[in-house]
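Chain lettering (A, B, C and D) follows the sequence in which the chains are written, and residue indices restart at 1 in each chain.
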Amino acid sequence: MSVALQPNPNYTLVLNKLELSEYVKEVFPQADSYQWKVEQLVPGSVAVSMQIEEHHLRPGGTVSGPTMFALADVAAYLVILGHIGKVALAVTTSLNINFLSKPPHGNLMARCDLIKLGKRLAICELHIIGVEDEHIVAQATVTYSIPPRLS
Amino acid sequence: MSVALQPNPNYTLVLNKLELSEYVKEVFPQADSYQWKVEQLVPGSVAVSMQIEEHHLRPGGTVSGPTMFALADVAAYLVILGHIGKVALAVTTSLNINFLSKPPHGNLMARCDLIKLGKRLAICELHIIGVEDEHIVAQATVTYSIPPRLS
Amino acid sequence: MSVALQPNPNYTLVLNKLELSEYVKEVFPQADSYQWKVEQLVPGSVAVSMQIEEHHLRPGGTVSGPTMFALADVAAYLVILGHIGKVALAVTTSLNINFLSKPPHGNLMARCDLIKLGKRLAICELHIIGVEDEHIVAQATVTYSIPPRLS
Amino acid sequence: MSVALQPNPNYTLVLNKLELSEYVKEVFPQADSYQWKVEQLVPGSVAVSMQIEEHHLRPGGTVSGPTMFALADVAAYLVILGHIGKVALAVTTSLNINFLSKPPHGNLMARCDLIKLGKRLAICELHIIGVEDEHIVAQATVTYSIPPRLS
């Protein structure tokens, strides 16, 4: 796999890849039905692969919209929690997705970049690509609301 | 159920509720994993209910994002095909969804209105509400690309 | 003009049409370059007209995108402030607009409905229509961030 | 200026920077009221600066939303026409913009990348940054409809 995420000097991670994966597997609902894996985690960005199984496919072999939605949503959740820590109750407030081309056979990868990390809102943008051919199949922008933290 | 869709005089249906439901059950992939039903169909609008089952829930009992995505997407597909006929290859090109409040227990309903039906693009907007309390839980705008028709 | 806004029993106004208009004219920047007017204000909704002038037009006589953006943005600001009061520092965090058809000659009207009014975020959806023919020319969803209030 | 656009091998330009600028100045309406300039043009991407003047500002010195909308829209138009040629009638069908932070004093720059260039739809994503501090102030996704070409 040739993902090469560039660290963004404006951001600082507070969890490492293993801590983040274990925490999100524990608290995130899609953990059961979608087989995702954090491939890379650098300040500002994450790469998350999703293993595509029979039940994610439409007839003809393309990946369904809800499956791509789930990949976009979990990638955003991962990159945000990597930078704010174990705040399970961060919730998606909006998701805008553009479907660009028919997904290839095989697994998918989301490359997700933080573009804003405020106290109350975090926003990231991401591309979903085919793992094998690196062709972009969807683009999304995701906004999460971050609950007030006790301090 | 107290949905009361208003017919829009700018639109004309070409399929009735039964024809539409049967066709979409046949060609739409989510038919297997999501239990949706066309509750009403009038010129310009559709109301589609979705039966929420255990595997659509997050811990705590709220409906997952991908499930609401799937409801929005199928409602848009239904209202568009109701007006253009059996054009299976209409595909979602973008979907923008805002999550407004925690979904209630119980089934969901999408009320979906066409706002544009062009030769190449169709756009609709929709609200997802709880069937029991009619509280709005999500708002979405969905764009479909319509393939060129042979004529 | 035949706008007929329905009051939404879930919302309560805290400013009347005159108070709202005067306050926004005072604090909102576009007041100088766009001639807008609150036509109706009911709980949950506002109707705002905009007088289209020569410099808002593209060649051919259609209204420019930035002009429609400005109308959508001010309508959202108006409906939100009508319900939260004189909170000048509410700021737009996102705006999603779909251009549906070529605007007609003549003035435009935005009909804008609140769909969420939280402590931190307010979301509304709106249609921009031609005042004369009531044809819909654009649809938008606008999110504002509401600053924490001293209390 | 330190923009460093990377050429994308999937795209091929059909106009050079000068041809593109002259054509768009001629046909694009905002040419009169906004002072934009193509800074770089490479396959797949464009960088466009906008000179901010007094009438683009809100009180307090921030750039108005409609001004950022106009910059996003013209940058998208430029990158698309750079790859399809003198097709004046390409029109914006949707624009989704997130405002991330208060714009700095000084001029703005949009870096805009094509993510899809189909026969009927083109989609690009862009960042608006402050020219001086390179801080990102807004992110947008823009869809254009391309008219059928005679051939």
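In this text, a residue touches a chain if its C-beta (ideal position, glycine included) is under 8 Å from a C-beta of that chain, and two chains touch if they have at least 3 such contacts.
Keep in mind that what you see is a predicted model, and the values were worked out from it rather than measured.
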Those chains which touch chain D and also touch chain C: A, B
Pair joined by the larger number of C-beta contacts - A-B, A-D: A-B
Between chain A and chain C, centroid-to-centroid distance (C-alpha), Å: 34
Centroid spacing, where centroids are CA-atom means, of chain A and chain B in whole angstrom: 25
Where chain A and chain D are represented by their mean Cα positions, the distance between them in whole Å: 27
Chain A residues counted as touching two or more neighbouring chains: 93-94, 96, 98, 143
Touching residues on chain A, where the partner in the complex is chain C: 93-94, 96, 120-121, 143, 145
Chain B - residues contacting chain C, complex: 96, 98, 100-101, 115-116, 123, 125, 127, 136, 139, 141, 143
Chain A partner contacts - residues on chain B that touch it in the complex: 27, 29-30, 33, 55, 57-59, 64-67, 69-70, 73, 91-99
